[in-house]
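One chain, chain A, appears in both complexes that follow, with chain B as partner in the first and chain C in the second.
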Partner chain A sequence: MAEKRNRLHHRRDRSKKIFFAIMVALPLLQFAVMYVGVNANSFIMAFQHYENAASGKGFDITFAGIDNFQEAWTLLSEKSYMLEISLTGFLVTMFISYPLALIFSFYIYKKYPFSGFFKTVLFLPQIISSLIFSTLFKYMVGTVYTELTGAAMGFLSDPDTTFGTVLFFNVWVSFGINVLMFSNAMGNIDESVVESAQLDGVNIIQEFFHITIPSAWPTVVSCTIITVAGIFTNQMYLYDLFGDGGKFEIASIGYFLYQKASIADMVKTPTEPSMGILSALGLIFTFILVPTSMLLKKLLTKLGPSVD
Partner chain B sequence: MKKSKNKLNKVVVIALFVILVVYAISMLFPLLWGFLTSLKSSLDFDTLRNVLGFPDMEYSNDTFFKLSNYTSMFKDINLSRSVSFFAGNEEIIHNSENTVWTMLFNSLFYALGGSLVSAFVTMCMAYLCAKYKVKAAKWIYGMVIVTMTIPTVGSYPSTITLLRSLNLYDSWLGYFFQKFHFGGMYFLLFYAFYETLSDAYCEAAEIDGASQLRIMFSVIIPLSMTIFSTVTLIVFVQLWNDYQTPLLYMPTKPTLAFGIHYFTNKTVSGGFAERGEPGKIALCMLLAIPVLILFIALKDKIMGNITIGGIKG
Partner chain C sequence: MKKTNKILAALLSLTMGLGFVGCGSGNDASGKTTIKVVAYEGGYGYNWVKESAKRFEALNATTSFEKGKTGVYVDIKITKDTDVETMSSSAEDIYFTNGNATPRDYSQKGWLVDINDIVTEKIDTRDGVEYSIADKIDEDYRVILQNRGDGHYYGLPYADYYSGLTYDEEAFTAKKLYFAAPDATSKAAYNSPYGTADFLTAENETSRKSCGIDGKYGTADDGLPTSLQELMILCAKIKQSGYVPFAFPGGHANYTSLFFEGLWASLAGYEKIRSGYDFTGTVDVVEGYEDEPLFSGINYIRKPKIKTETVSEAEGYYSTQTVERYYALSFIQICQKEGWFAQLTNDTNVSHTATMGRFLTNGLTSQEKVAMLIEGSYWYNEASDYGEVKKYQVLKEKQTGEKKAERKVAWMPLPVSVNETVEERTDGGRNRYTFTQSGSSFAFINARTKNKGGVLDACKAFLQFTYTDEELSKRVGMHGVYCTALSHSVAEEDSNKLNYFQRSVFEAAENADLVLPSASNETFLTARTTLSIGGKRYLQPIDTDGREYTTIISAIRSGGLTAEEIMNVTMVKAADWGAYYQG
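Moving on, here comes the complex of A and B:
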């Protein structure tokens, strides 16, 4: 009897394993090709030179040594402002967008007047394409502004205000998913903790800093890690605002990499870097980011606030 | 003491309320302005500079009552796309002619198909990793966490060349293959759900002799429908609005968002371009209206209890 049960159990185990293997096969193939394959190919391409084949069909590929890295480094030195712009975008997210999102989330979590309406409005940029918001925004700070004030040009056309306006747009449309995450995380705060703090005479600001923020801290850390991981891929909505004809004096690295990849050829041209050079550039940034984001995660987890 | 505390609380709440009202106006005014402008004629808006007022019926009768900016885009827009590339030594050329109907169909196929495949694959993988006691399940979970925390930058060129060499570039097959991706936040969301789901459901079905496939389709998926529909909806909206991925990997299969990016950023003359700025804005509204309706109808589901805590590992 026991043997029969064992055999049945064994057969069920085997069928489970077979089912598991069949179900994960295609997603794992996708992972192997689109993650492992793509990253391995990035690495290989960074060490390759492409030339148009003499036959006119395909390319002649040769080993490039560190040429692509040297060219990528030169490009980066010439356009070092891109690094500054990407870092400024990151700092604005961390020190303006996130604090504002936390404050707005607190308002929603406490269910103050019209909190449901504000939650919906704050979420709108998540629903409506950034392409539409950027198009409408361009009219608002351009045509509408000049019509109202009689100014000669709009905020995005004036070189003195272009970057500030781009940063403003980044903050303006940034709240959607963050407010949702933060307010949901705040919703899990134990009401009895809040009530006893209020009995102790804690005011709204103290409650925010000593109870709400520490409770939502794991979510803040996760969002920060995602933001750090995206420093060099964040286009800062520049492609939405300027398209291909971008204002390269305010290009972020994410914008530059996307815009160049959309027009780059395998072979380097006098004006555009090759895909090999772009791959080398990507690798340089990846090597900077991996240790940075890991270190930051450890630091934030260790040094973060706790509920008093 | 208590009085001053209450006063402070009141001041803070009022200040926040005012800030949020200003924000709400700044968010809703452009949308309203956009909708009104889309009903104006080019003569009214571009030539006579009626930028802020209501449509002037003397010049905008047709665009206001007959919605001619909207109707003409279906007749007058034709977006020609062409791309040539090498897959090995073979040169491949793709051409396409696209009306707004084609782009709408592409958008629907792209967003609906992509969101269903993506959410389904993610749900299955999370279920398998959470409920199957096999070593590979732990490895896959570990892989998801590692890929989430290790950023990779600038993989576009590599993705393009790889897709080209596999003959998956600029093709729906290539697109759906990419949608078999299962990592990210939604995987963790499903995983957390299955981790807390009692094993009793599956064990009871197993005792009744149900196969693994039957258990998944008859027990697990019905139990997961709430999360599944929420994730599908959110991904649908993201894909509906996405124009950069098709622009890069499917250049001759433009979606509506892709087409709008093209028409709002390139200098185009003749045909629909005669409609001027109101025409461009009408195109934007065409993209926004379906998702706005979807959002209004399913607001609670879309803004449901999606949350992430700390990422372990």
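Moving on, here comes the complex of A and C:
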């Protein structure tokens, strides 16, 4: 009897394992191909040089040494203004988007008047595609604005206001999700800590800086690390706003990389970098961002405010 | 609980089943060889594929391409994204694409089937002479359809267009915007800041329009500007008449390049544009600037110092420094500075079809009226597909009672000189225009089809069928768009289907020398998308701070760059030619 039960148990255990294997096989395969494979290929390509084979079919592939890295670095130096734009986007996120979101999250967390309504209103745009959102925005600052005011150009068309409008859109479109993240973090603050502080006579500003911010600090740190890691890949919604033929004069590095990668070929042309050069550029960014992100995380965790 | 599970399971099974039903053929493909075709959904038109497929299916109803199967079914996907880059993992067989990458490039990657047999086979007879598809292809163009190794054909030219201007003939007549012939009696002098010209006030026996660029009276270009100076005077008169001279879609600022390319080609002429592709002959290059203006009334465009240079493959950079390119750039700068671009060109929300609609409905709405539209020569077909022509007809009928009105807009050959008016030719002949092909696209078969046995034969047969004279003619009749790299006749029944605008394009093209972006030298072929006059080299200027602009107009508007600056940063200097030269 015990042996039969054992066998049954064993069979069930095996079935569970098979079920588990089937369930994880596809995601694992996808991870292996789409992440490991793609990144490994990108790493290899960064050291390869492609030339059209004289036979007319295929390529002659040779070891490129650090040539692609040198060309990638030259490309980056030539596009230093794009780096400035990416960094401006980063600074705006850090010093305008996040502080604004923190203050508003605090308002919602404290359940001040209409906080529930604001929470819903702010979250709603997050379930709408950013492309739809950007289309609406474009009409508001373009056609609607010019029709209402009789202005010659909309904010996105006027060269003096284009970049400012893009930055505003970035702040606006990410505001809701930031508020949601921070208000959720604040929602986990122990009520007894707040009550105790209030008994000690802290006012609302002191509560914000000495209890709320330190309690939500791990979320702030995570958001900061994600933002830093995305400096070179953030398109700043330029594709959504301007499409393929977008404005290169206000291109971020992320937008530039997307544009170039979408038209790049294995063989370099006089005006377009090859896949190998773009792969090398990606690796350069990795070399810069990995230690920066790790160091920043350490510093923010160590030097950041503590609820104690 | 068990009952709920059963219901859930039944529902899931039903959903799966419905999915499979969706996969099943809702067509008459059963028992037939199926070929999968992807065609680009764009302004060139795409319905011809469906019609052509029906004829091909009927023709091959009893043909067996695969064992056990009789007849063919052409499964067509019309799409904005033909997604050629995924071809090597796709199940699609034939592509009618939209894109600049050539069969020469794709065959290098091993993505295409060798179609040399069907391209070189004689399939048509004209006046007793047999023709193959290859015979119809422009000689200069063949090389980009062939593999660089075996020299076989791997693709065919599909669709393309001319770049330039369309003018509103109705507005030109109503507002008396045609230049008068020197001997015309009914004319009025118009003084503009850029000069004076006589415009025709009435057309009668003693008064006729000027002879136009072709130098012959009684042709479609009569009364149109022949020099940049005349075009400037015309623009001033257009503004005075309550119209704005030019429109391009604000959402597609890159369309200004269509004007730039057309103007450059027209000013330079066939030989000089070709010298930039073949690297032969002489060109006039800019070697500096005088301290005097190029045009009267314009003090911000300097006259260039010109030097004649001989172009060779080793010194091909001269062809990027030509004075005609400077003139074309200068004119774009003037248009911007003098306010000749419509308000809608500033609105990034305005699409190309909306711009076509605005142009077609000139005077029927309260919106600004546009005298000339910057577009490719295919645009009327696209305007019809997107309902803009219908909108015009509805508005016209409401306001005038005229049913199904045909809009009189026509293709405009562009000026050929800076300030010399073309005079009548005394030999009775016509000066030829120079047109340039833009937007080359191609048709080819996916290399993966080789693994499908008889399907490949069916694909080859269908592709060849669509390039017979009869089918090409039907394609033209249906969409009014001609593949410029192919020579073929158009049957009367098909040409009768063309509308007023499309006929104007064909009439102009008959008197034009066409520059196709192809050459047999490796330097040009390697950098074709950069060095052709619609190439990146000329359309994406970079300013001195390294800032890159996507279009000429954005460089002028956003960067405040001048024609001189754009010219300087987009020309290839002798020291940089090494990146291009393949000698």
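Definition applied: the second predicted complex is superposed on the first by the 272 of 308 C-alpha atoms of A that agree within 3 Å, B and C clash if a C-alpha of one lies under 4 Å from a C-alpha of the other, contacts with A are read in each partner's own complex, and residues count from 1 in each chain.
Assume contacts are C-beta pairs under 8 Å (C-beta built on N, C-alpha and C of every residue); 3 or more make two chains touch, one makes a residue touch a chain.
All of these numbers come straight from a predicted model, not from anything done at the bench.
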Contacts of A:K57 with chain B and chain C, given as first, second, both or neither: both
First, second, both or neither for A:L156, with chain B first and chain C second: second
First (chain B), second (chain C), both or neither touched by A:A261: first
Touching partner for A:T269 - first (chain B), second (chain C), both, neither: second
Contacts of A:K119 with chain B and chain C, given as first, second, both or neither: first
Touched partner set for A:Y81, first chain B, second chain C, both or neither: second
Residue contacts on chain A - larger count, chain B or chain C: B
Partner chain(s) touched by A:T143 [first = chain B, second = chain C, both, neither]: both
First (chain B), second (chain C), both or neither touched by A:P291: neither
Residues of chain A at both interfaces, chain B in one complex, chain C in the other: 53, 55, 57-59, 139, 143, 245
Residues on chain B engaged by chain A in the complex (per definition of touch): 1-2, 5, 8-9, 12-13, 16-17, 20, 23-24, 26-31, 33-34, 37, 49, 51-52, 86, 88-91, 121, 124-125, 128, 132, 134, 136-137, 140, 143, 147, 149-162, 166, 177-178, 180-183, 206, 211-213, 237, 240-241, 243-244, 247-248, 257, 260-261, 264-266, 277, 280-281, 284, 287-288, 291-292, 295, 299, 302-303, 305-311
Interfacial residue positions of chain A with respect to chain B in the complex: 12, 15-17, 19-21, 23-24, 26-31, 33-35, 37-39, 41-42, 45, 53, 55, 57-59, 103-104, 107, 112-114, 117-133, 135-137, 139-140, 143-144, 147-148, 172, 180-181, 184-185, 188, 201, 203-205, 218-219, 221-223, 225, 228-230, 232-233, 239, 243-245, 253, 257-258, 261-262, 264, 266, 275-276, 278-279, 281-283, 285-286, 289-290, 293-294, 297, 301
Footprint of chain A on chain C - complex, ascending: 105, 107-110, 147-150, 250, 252-254, 343, 346-350, 526-527, 529-530, 536-537, 540, 545-551, 554, 557-560, 579-580
Sites on chain A touched by chain C in the complex: 52-59, 78-81, 138-139, 142-143, 146, 152-154, 156-159, 162, 242, 245-249, 251, 265, 269-272
